[in-house]
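Presented sequentially are two complexes of chain A, the first with chain B as partner and the second with chain C.
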Partner chain A sequence: MKTIRLSTLIGALVIAAPAFAGDPGVTDDTIEVGSILPLQSGLSAGASQYRDGIDAYLKWVNKNGGVNGRKIIVHFENDSYNPQQAVAAAKKLVDRDGVFAIVGTLGTTNTVAMIPHLANRGVPLIGPLGSHPSINTPTERIVFPISPLGTSHGISLAKYAAEELGAKTLAVFYQDDQYGKEILQGVEEYAEENGLEVVGEASYVPSDVDVSAQALSLRDTNPDAVVMAVIPKHGALFMLEAQKLGWDAKFLAPQLMSDKVSLDLGGSALNGLIINLYSAHETMDTEAVAEAKEAMAEFAPDTAPGYWPFMGMSGAKLFVTALRNVEGEPTREKLMDALEALGTYDSGIIPPVTYAPEKHAGPTVFGYAEVIDGEKGEVKVLKHWAD
Partner chain B sequence: MRTIACLAAGGVAIALPFFVGPYGHYLLCMAVIYAMVALSLGLLLGVAGQISIGHAGFWAIGAYTSAILVTKVGVPFILTLLVSGLFAGVAGLLVALPALRVQGHYLAIATLGFSLVIVHVLYEWDGLTGGRQGMFVPRPSIFGYELMSDFSAYFLLLAILAVTLLLVVNLRRSLGGLSLNAMRLSDIAAQVCGVNRATTTMFVFALSAAITGVSGAFYGAVLGQLSTDSFTLVVSLGFLTMVIVGGLHSVVGALLGGLFLAYSPEFLRAFEEWQMFIYGALLVGFMHLLPDGLASLPRRALRLVRRRDA
Partner chain C sequence: MNWLPLLLSGLAVGSIYALIGLSLVIINKATHVVNFAQGEIGMFGTFIALSVLSATGLPVFVVLVLSFPIGFLIGALLEIVFIKPVASGPPLNVLIVTLGLFFMFNSLAGIIWGFDPYRFPALFPTAPIAVGGAAVSPTSLGIIVITLLVMAALYVFFEHTRYGTAMRAASMNPFAARLMGIRVGVVATVSWGLAAGLSVMSGILIAPLTFVDQQMMLAIILKGFAGAILGGFASLPGAAIGCLLLGVMEAFVGAYVDNTIKDSFAFVLIIVVLMVRPQGLFTKALKRKV
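And then the complex of A and B:
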């Protein structure tokens, strides 16, 4: 009799086991995800806004009923922009806290460092923002990028200079690292294929506090347009030098150069600067932007809507969109299937991404905007990416 | 008594991973990797009295040597440990040359310069190191068996640490160790007693760099990815902090320093934006209250108890 009871019990457990075997981080009423950001580093100002974007959007989703009845809980970890701490944070979130997915990382080397571990554990990484082939054109199935290739930035800016501004000669002011060199490479590629001439190149390193020599040397090459592959501080310094020199070339830069930090630093020197848009601008009159601003106003009222929070939000939005399409109990495998079923998907917060089984790619098209009045922070959208 | 304490510590080190999860295994691996650097730096700074704020450079040489040999040449990981140590050791010899002429702050600047140059060369050498993109590194392996989990990697690390410990402890007791000690206390007096300053300085720099190189080889393999961001000045300063907090003049201090560097971010995580402030306050506290580091705690406690009994 005892043997029969024991056999029945074991049989019942074996049959019931699959019903309880959900992926980590999923309960009946919650799904826990992680986000790893450089909250204490040179990128901390952007990272905290990025965090607020993710947090506000997920709280807004939860307020509106969650995803298929489940609330999303997000755990934020700081990696201090350090590869080793990024791996530690990934291991902590995955192996100790048992999160379902990583939604949002910021920075290149730190994100790249954590990919092997996440791939080893099969944990989806949605919304990494960085500039590296492993992030932007990933070979690992778990990676779902939100940012364009660095070379695409260069191509988009050179193309705008040639087609819209009629530039024949270009100069490039770039940061001497992966980020800057990829944009430079894009400009050179476009120039070579379209008969433009790159007449000058000058670089800086992030620790530089004076870029007047670079401004002088590039002005002497007399280009029609100057493409800047820069971060806000150095971009603003360069534009201030250009203003001092009375240099009237056209200047173009990635969207970073229209954020509040850049405008505060550069002021009127930024007037006329053309930027490419790879996230929505807060002045865009679209439903997605209105929804994003509403979420920010309610759950992160101290953070102004803009580039950083929108980039953070975009990963969270892709995660939620795919999760809503998952049938039955969510698993990491089903989530990745749902993401790959999105195809070319326009979230309205960033230009369309393309996720398919054979291809995970960030945006390849851009919008454009112009700084009208840097002192007042006035930026005018010239072209939406959908136009 | 000392043997019993050593055996107990060894037993705890072996038993620990059975009581923690995968994340704990990773932290233990990092603690051992740091402890090896602390041992090497303790030898250089604590025994020989030579400062270095460029140990991240030796660490980088070890890490990249092993990673390149494994991924591009197909050399077994265990063999790359030896080559990493050798390459870093040769670099140590080169750094020792200025140490023969300068001391103190000037030597610190020379070692810092060496580290910055090494990191810059690795950064620019795209074809070999992946340059700005970095490179992925396979897991550590032994006799063709890949140690996929940090749990198994920890035991290999522990074995290498034990060998390093034996080496360092024996060296400190040997005539060579006494020569280093003598040189730290007074290099003129040491030379009068027959110690060859040039040979001794070059030897200690090479040995310290070699141990750090072996640690670097493990670091790359356990982390899974290398980029020059892992070998900055901050890392070198972190190493110095580690040996000072642990205790500059003892082997136990080096081990405690390794634990401190690996675990302090975990304990401080709860303080969020106050982390760095508290970390700084802790360091200042250590300098004032425990100048001989954590290793001196038992001695101080014993002294307190004796004073109270008296």
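And then the complex of A and C:
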């Protein structure tokens, strides 16, 4: 009889277990999430600041009571900007550590590589920063982007050149990959629709050690403005070449070109560079920026507030905002429902994102700023994205 | 487009390839292997030079001069600690050790200095100067002049000094060289030192143009190797000319044809040259008597 009773009890527990068990990573007082970043790679400077932004914001949330009584614990993994390592890190976090969601990835190929595994497990990916349609206009429901489409960058920069600088002719210096080509495509689209002429295009590959030929060839096309679709190292190299040539065209680039690494490398050659803003600038006088800076000052005092920490923080903020709206026990499905209920949402530290059941899209509007003194790291905001 | 700045820019980059190419040939002559770690030794030495600059505030030209003995010490130590113990084994063993050294230096640099690029102080004025009606970068001219001076010094060393002659003898016939009283083991150590010194100098010369980071020499070692093969791996002058030629061809193909094909163009051309003239463009074929 005892055996029958025990068997019945075990059977009842097995049947009832799903009703009591929450999704992985959730306990009564904590929620564990993961973040996969290229902490040992050419992007490590940005990645470590990105990590500090996520970490500082979540610690700040925890200090202020957590989310519905639960503290958020974040586990960081390095993927070395390597797709294989990224997949391995995703498997470790999801299958072994059992995290609830991934909050923050950085880089295109590594993020694209891990998406199928996360989708297969139904794990939300909030705040991936990269330039690829599967990141910025995802078909997988789990992906919630924070960065604009590459073509939007190109359009925003060409538009500023035409409307604010009066440019009629443009040249484009771009990285010969998805990131650079999308920006180039955006510039070409805008130029065609608005009667501008793209008079020169020159590319580089990341292994190039010399971009003087590209600078010479583009200068010879005599454009009114030059749009750069570059990473900091090659953008700085190009601007230094332009400075050597005494080339006085207007130069424009994505916000990446005003981060600390770019300013350190380019120095005064970056003076006058126009950048589009898809994250807040630390000099902006808004409540969200003040809050972000407060969190950074308290929990990551060695990292200056700016582009990278703010981008990292934006994903963490979207996660926390949606999680607060989840009713009852948090599950991954409920979290994705809550994210999709945000609609067009302005976190204040990046331009508004749009999350709805039929559409997950990063920002489509931009602010603008100008590098005033590259040697001193002085950047002036010209226009907020809300203006 | 004015061809003169392009030519000088190509010659400057080719000069960097030449310093690396020469260092590869020197080691190959002494130990009959290709040192895959040559570029990483240059990168590591450049980071050391940058640290010395930051810590001491010495003039950058003093650091450039010091870079040769710094590199020499690194290379000689590597030969004594890692290469000598395996030198008597099959050549593949030494090759694998150089691959291991590549990864060791690459990782070590990342651990010590991080993975970000750093700006290196300019060796020459940055403002262009007018030459033949064209604006020419003094940096390009400076790199070319320094490289030519280094090549001349190498020529004098190998052709007109007793030790240089001994090194050539040891590379041609180690057995006979030993019988003549030449310490062949020491020659190998000196060759590694010499090659590493050249690599660090090349790193410091290119650093103001390309910044200092853990990846800075990856493309350069490949091009230096390819240029040396193009000119002739058995000859120091041949290797140097091959590297200069490669730098110039890259610049012109990148500017006038398509930048995206300049890397593949260089290597396709080298394959063609090897098919037609396996010994390289500027060396005579070795004939073996049977």
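As a convention for this text, the second predicted complex is superposed on the first by the 368 of 387 C-alpha atoms of A that agree within 3 Å, B and C clash if a C-alpha of one lies under 4 Å from a C-alpha of the other, contacts with A are read in each partner's own complex, and residues count from 1 in each chain.
As a convention for this text, contacts are C-beta pairs under 8 Å (C-beta built on N, C-alpha and C of every residue); 3 or more make two chains touch, one makes a residue touch a chain.
Because the structure is a prediction, the values reported are computed rather than measured.
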Are chain B and chain C a fit on chain A, or do they clash, once the structures share the same frame? fit
Looking at A:Gln84 after the superposition, I want to know if it touches chain B, chain C, both of them or none. Which is it: first, second, both, neither? first
With chain A at the apex, figure out the C-alpha centre angle toward chain B and chain C and round it to a multiple of 10 degrees. 50
Larger residue footprint on chain A, choosing between chain B and chain C, goes to C
By the touch definition at the top of the document, which applies to A:Gln40: first (chain B), second (chain C), both, or neither? both
Just to be sure I read the superposition right, which of the two partners does A:Gly246 touch: chain B = first, chain C = second, or both, or neither? second
Which of the two partners, first being chain B and second being chain C, lies in contact with A:His117: first, second, both, or neither? first
Once chain A of both complexes is superposed, is A:Glu163 in touch with chain B (first), chain C (second), both, or neither? neither
Please work out whether A:Leu265 is in contact with chain B alone, chain C alone, both, or neither, and reply first, second, both or neither. second
In the superposition described above, what is the shortest C-alpha distance between chain B and chain C in Å? Please give a whole number. 5
Both chain B and chain C touch chain A; at which residues? 40
Okay, in this complex, where on chain C does chain A touch? 1-2, 5-6, 9, 12-13, 16, 110, 114-119, 126-128, 135, 137, 206, 209-211, 213-216, 218-220, 251, 254-255, 259-260, 263
Could you list, by residue number, the parts of chain A that touch chain C in their complex? 40-45, 176, 202-205, 207-210, 212-214, 216-217, 220, 232-233, 236-237, 240, 243-246, 261, 264-265, 267
Which part of chain B faces chain A closely enough to touch in the complex? 21-24, 26-27, 30, 132-134, 136, 148, 223-225, 227, 229-230, 265, 269, 273, 275-276
Would you mind writing out the residues of chain A in touch with chain B in their complex? 39-40, 78, 81-85, 87-88, 91-92, 95-96, 109-110, 112-113, 115-117, 120, 132-133, 177-178, 181
